[in-house]
Structure formats: structure tokens, C-alpha cells
Amino acid sequence: MFGKYFSVLEIGYRQSVAYKGDFIIGSISTLFRMMILAYIWTAVYQNANTTVINGRGLIETITYIILAQLIWSVLNTNLEVLLGFKIKKGEITRDLIKPINFPLLIFLDNLGFSLFILLVQTMPAFVIACFMFDIQTPASILHILFTLLSIILAFFIYASFSFTIGIIGFWAQNVWGISLLKKLIFNTFSGSLVPLFLYPPMIQKWIYLLPFKEIINTPLVIYLDADLQMILSLLGRQLFWAVTFFILSQISWMYLKRKIEILGG
Amino acid sequence: MSLIEVKNITKVYKIKPSKNIFSLNKSATKVNAVDDISFKINRGEIIGYIGKNGAGKSTTIKILSGILLPTSGVVTVDGIVPYKNRIKNARKIGVVFGQRSQLYWDLPVIDSFCFLRKLYQVDHDTYQQNMNYFDEFFSLQDLLDRPVRKLSLGQRMKCDLCAALLHSPEILYLDEPTIGLDILTKNNVREFIKKINQEKKITVMLTTHDIEDIEHLSSRIILIDQGKKMYDGPITGIQKHLTRKRLIKVVTEKPFTQVLENIEQPNIKECHANFVIDLDQNSIPNVINAISGSNVIKDITVQEPNLEQILFHYYQQIEK
Amino acid sequence: MYYISLYYTAFKYNLKSLYEYRFDFWVGIITLMIMQGIGLMFLWVIYQYTTALSGWSLNEVVFIYGFQQVVHSLYITFFGNVTGLEQLIKHGTFDCYLVRPAFPLFQLMITKLNITGFAGLIVSIILLVYSVYRIGLQLNLAKFVALMVFLTTGVLIYFSLSLIVSTCAFWLTRTMRLQQLIFDFSEFTRYPIDIFHSGLQLVLTVVIPFALASYYPALFFVKEAAFLEISLKILGGTLLFYVISYRFWRFGLKYYHSTGT
């Protein structure tokens, strides 16, 4: 029953192995980004002559930055570009014939790719970064498990969102531009560029109203210090956004399917 | 004195056994892409330079045009050694590599011409004269304002030919100029090459797989195989091998077992038989009669052998 | 003179080619403006908590940032084609260049104009001019000339490093990834390099000297470091890397002449 889906996952993984040279470079790029951000904030703490900014110490900040890069580099795949490509090349009609749920197919393809990125690209960078900088160890095993759960939810949120964006891109006939815009927005408001607690409080207030924080800030807040009650409420909120984006992606998928059935791809 | 003199050139390529830098076996095998070739070409000739894929045709053209350095031997083109004096040689030659264009992809053809005019420093009068000359033959006016990407392959080839001739070169090297073109365009291109050769006295050297190119254009061919020169002389020298042969493919009902007389190279697989007959020694009706005497012919095709097949036979004969 | 007029002609036609992609041009401009905007916002957030990073104020860092962006965009616009060598060799177009009577490297440079570079140039020049205004930098004639010279040497540094990597295309089939790796280092030099580890500072000054293209010029203009010392460092480094890259290019070309593809 799940064998066929598993094979899709495996293919996504295998295709990626062919480009291992690219991933070594990708790994170094990830490390560089971790380094730039960590050095900059170290300098800020030193120059500000303080150990605490907005209630967070340097170690917490650096832990946040490095883990944020870790999560971001795993999430940040090109699902909508893949989708746009499939629609454009007419591959989607071929996939629709297969006895497989198409959104699930794309999702698994993406998951295979992400797992691979995690393994060969992000992990090496992360390990090196751990040697270079002080990183806060998790408070308990439970915190690790809840963080992982939260990252899985984050992956689901981001994939659903990307899927919807891909279909909007198809409708607007410019996937590339919209995809870039999406990345820039997530980059700014999720915590991947600047830890959200480091934004000036006035701006933080607005950013916390947006859903983008769920993919990076929420898992990291759980990792850093949340107590059980707070963790549960954070996960509950994430679940709410996951369901919302899932429904959105299903609606847009239905729209696309009808379009394809009428136009014949 | 000849325009182009090639003396004993050899080009050795080293082929590494594996791309892996860690592989222990570092010894590279050497391949002679061009092996001790000599020839002379006089002003105004059209030379057909033929051979199988990988025979060394392109390598020779690259050495003559100054792109490649020969491992040994000497080449002079109008007194210049092309690979030592690349730029001076480049002004005297025009080159068209069949499948790649040197025109600006997104711009109208005329813009590429203007750019090349600057690059080759062609003066206004020569440029105008040449353009009128090309236009008379190809009616370029209709094409000049169109972006290159919107031209058909044939139209692009015409424009590429003209681009290579803008600076009135003395020598034109053509690497498979008619590849992929339709028959009308092929003829058109051939006529044009013939015309510039006769009227402008441009020496032409072309490589091709198309036997008709050779038949239409060149009185002299140079044939190479595995880097070695196999034949150099008038086309009539091997023409008798060429035009009197037919390739016959037969499909029969029962397995083909007959032994036919005067047949070269029969290639039989059960009910399918391919063979070449020489019309001077045999005739097609005779062959058909001979086969249908003891078998039933389900299908039969008669072809003039293409260049590859002819060359194949030719090589076999010289080896004998 | 021949090359100048040829460059002008090619520039004219390349610009015309760009016009075919004017939609991409506007998309490029808008995205680059947003990206630069985010970059600036990032700097602004940092300076909410401190007035200086290793002695550099916000506007001074914007100067480094802008200077690097201008250099990078100029490099992409005028020399970015160098990175396309691998494609030219792969498709055999490079042979066409070799049968023409002009230097191959020159022809490589004028293959096309890069659209993102051109869009980035406009955005980054605005950024640099803005920071000059905010710092209150008095650009007299001498300083203006120095600015132009250091922009030029900066572009030459980028060009040289890129040429070294591109030349590897004579031996390797793919150089794009290596190119990206080298240019990832340039991201460090958008910020004052004093904040990085001293080993990294050394790498950025001596081994992959992107700092010579943005940080050291800023030292002179903003920190009023001694002109002689700075310019010797920059000019010496530029000359050295330019000579190395050009020698390497000649070497690669010679290799190509003797082996083909």
C-alpha cells in the first residue's frame, strides 16, 4: 500500500545523490551563512557591552541562528518550481494518470530531497559550526522530541504553503518571481535571517501576528526554553496553521485539477 | 607555390583511462587523431575532405584554422603558420562549423553582420559590395531584420555562410555545411559555394558526410581514415567504386540459404539478407530471379549506398 | 583603438539584446530592490542595540555594503561572461572565437550583457550615493578620482578571481559550483571584516582577497586611513592577482591549443 509512495521518496533521494559535488558547495555556503550571522551578533553583544539583549544571552542567540540555518536549509526546497516545471512540461498529465495522489507525490518527492539535504549538506555544516561556536544544549530529551515534532509540522506548513504558491504562480504565469518573493518574505519574518526576539519590540509585535514565524521561530522557542504548558500551546498553534494551509493547498489543487481537466494540460 | 601546404602533420591525443584523480593507473593511452598527413592545396580549388566520424577531419580543420597545435609537422597557409600567427591567419580565412552559429541569437541578423564588420575591420565599400553580392544570390533582405532565433536552420546556415565571407577571406573552411538541411536548401548552399569559388576565387575545403556535396562541388577529394590519408585525387578515381554499386535488402519467407555469384559482403540473418552488388558484373533482375527461384521474396529494397557504406567498401579494397 | 570601438559596438548590440528581455529586467530590479531593502533592514536591526560594530557606525557599514554591491554589479555587468567559458567550450562556440582576428579573452568578455548585473548596478549605485551623503563624505576631486580607481581595482579583483576559476574549464567540465564557492567568500566582505575571526580576515585579504575590493577602500574613505598604505595594499594585490589570473588564462589557452576538447 505504502510501497509505491516509499519508492517515490527513494527516487527523490537517489536523484539528489547524482549531484553530490553541488551539495559539498551547498554545505560550505550554509556554514558561511551561519558564520557571518554568528560573528555579527557576537560583535553586537560585545559592542553593546551587555550580556542580555531583549532577555536573551549571546549563547541563546547563536544557538538560535545556527539551528535556524539548519532548519531553513532543509525546508527551503523548490517545491513550487518543481510544480511549475511539471505543469509547464506537461509532466503533470502523466503523473495524474498514475494511481497516486498527486499532491502527496510532490510532497514526498520534496521530503526525499529535504532528507538528503539534511544528511549531506546541512549536517556537516552544523557539526563544524558546533565546534566553532558555543551552543546551548537542550534542556531535556523531551525538548528534543517536541522540537523535532515541531519541525515536522513546520515542514508540512511550508510545503503546503509552497504548493499553494506554485499554483498561484501557474495562474500568474510567473513562478520564478513569486517563488523568490515568497523566499524573501519567509527569510525576513520566520527568524532565519534575524532571530525574531532581536527585532525591536515594536516590530516584533507585528511579526508575531503573521504565520511565517511558525516554521523556524516556533521550533526554536520550544528548543530554547519553553515549559510544557507553553510547548503544548505552541504546538497547538502550529497545528492550527498546518490545517489552515493544508485546506488552502487542497482548494488550489482542486482548482488546478479542474483547469487541467478542461484544458487537457 | 601552393596556397595551403601540409607536411607530415601528426596530432596525438592523450586519453586518460579514468576521470577519477585518485585512480592509480595514471598511464594515458595515446591516440593519433591525425597521423602523418601531407597534402597541398592550390588557390581556387574545392577540396572535399571526407572520412568516417572520428577519422580526424575536424582535427585537421582545427589545425589549419589555427585552433589546434599539431604534435609534429608543419602547416603553412599562404606563407603563414596558422597556430603561430593565429590572428594574421584569421583575417584570411572564413570558417563555418556546421552546427554552431556565430550570430547573435536574439538580434536581427544585420546586427551580427555589423559587429563582424567591426571585428574584421571591413571597410564600407567592401562590405556593401559583399552584401549586395550575397543578397543577389540568397535574397538576404528578407532575413536581415529577423532575429536569428526565429530563422529556420537553412536560413541560419545561409546567414552563417555570409557572415564567414563578409571580410572576403581567401580560404573558406566548412565543417559539414549541409548537415540537417532540406534538399532545396542544400542545393542552394552548394550552388553558392560553387559560385563564390568560381567568381571570387575563394579556395574551399569542406568536410561532409553527404556524397552529393562532393559530387556537386569538388573535383578533388582527400579521404582519411583513423588519421591516415587513404586517398588523394580526383573524385573520378573512386567514383567507379561509388556509382555502380547497389545495396539490396531482402526479406524472404524461408531462411535465406542461397549462395549467389558475384556478391560482395553478404550479411545474412535468417530471413533477412543485405548485400552489395556491382552493376558491371550483375544486374538487379538477375539477383531477384536467382532468389525467387527457391524462395519467396516478401520485401525488397534497392539503395544506392551512402558515403559511409561506400567508404567501408573502399577501405576493404585498399586493405586487400 | 580597434578594441575600444569593437567594445562599443558589442556593447550597443548587447544592450539591444537585453531589450528583448525587458520584462525580466524589471522583475530583476524589483527583486533586487527588495533584497537590498532587507539587507539594509538587517543592518538597521543590528544597530538598534549598539552604535558601533568594531568602531563602524551604521552609515559606515552601509558604505562598505554599497561599495561591495557596486563592485559586484560592475563585475557581473562587464566581466560576468567569463564564467560562461565552460558553456562556450562545451558547445564549441569557443572555437568560433579562436578563428576570429581578436583576442579570445576580449571576445569572451563581450559575449553579452548580464541582466541582473545591470539591474543591480542601478540599485547599488543609489545605495552607495546615499551612504556617501549620510556619512557626509566630502568628495573633492582627489577623493573622487580615488573612488573611481578603487572601484576599478575592486572590479579587477573580482574579475581576476573569476578568471582563475573559469580558466579551470579548460581542464574540468564544470566550474560553476567552484565559482559559487569562491564568490560565497565575497559575502563576508559586505561587513567590516574586523568582526570576523583573524584567520578569516587573513584569508579575505591575502588568499581570496575580496576585502581589497570593499573593506580596504572603505578604510581609506571612511576611517581616513593613510592613503599610501591602503593604496599600496590594494594596487599591489590587484596587480598581483591580475597578473596571476592572466598568466593562468594564457596557460590554459595554450593547453587548449594543444589538446582541443
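Letters A, B and C name the chains as they come in the text, with residue numbers starting at 1 for each one.
Rule of thumb we're sticking to: a contact is a pair of C-beta atoms (placed from the backbone, for glycine too) under 8 Å apart; a residue touches a chain by one contact, two chains touch by 3 or more.
Please read these numbers as outputs of a predicted model, since none were measured by experiment.
With contact taken as defined at the outset, there is no chain that touches chain B as well as chain C.
Chain centres were defined as the mean of their Cα atoms; on that basis the chain farthest from chain B turns out to be A. Each chain gets a centre from its C-alpha atoms; the one nearest the centre of all protein C-alpha atoms is C. Chain B and chain C have centres, each the mean of its CA atoms, that are 44 Å apart.
Between chain A and chain B the centroid-to-centroid distance comes to 56 Å (mean Cα coordinates, whole Å). With centres set at the average Cα position, the gap from chain A to chain C is 31 Å. Taken in their complex, chain C has these residues touching chain A: 27, 31, 34-35, 38, 41-42, 45-46, 48-54, 174, 177-178, 180-181, 184-185, 187-188, 191, 195-197, 200. Those residues of chain A whose C-beta lies close enough to touch chain C in the complex are 21-22, 25, 28-29, 32-33, 35-36, 39-44, 47-48, 50, 53, 174, 176-177, 180-181, 184, 187-188, 193-194, 198-200. Here chain C touches chain B in the complex through residues 2, 5-6, 9-10, 13, 16-17, 20-21, 91-93, 95-96, 98-102, 257-260, going by the rule given at the top.
Interface residues of chain B facing chain C in the complex, by the touch rule stated above, are 13-14, 59, 62, 65-69, 83, 86-88, 90-91, 93, 95, 97, 99-100, 102, 104-107, 111-112, 114-115, 118-121, 147.
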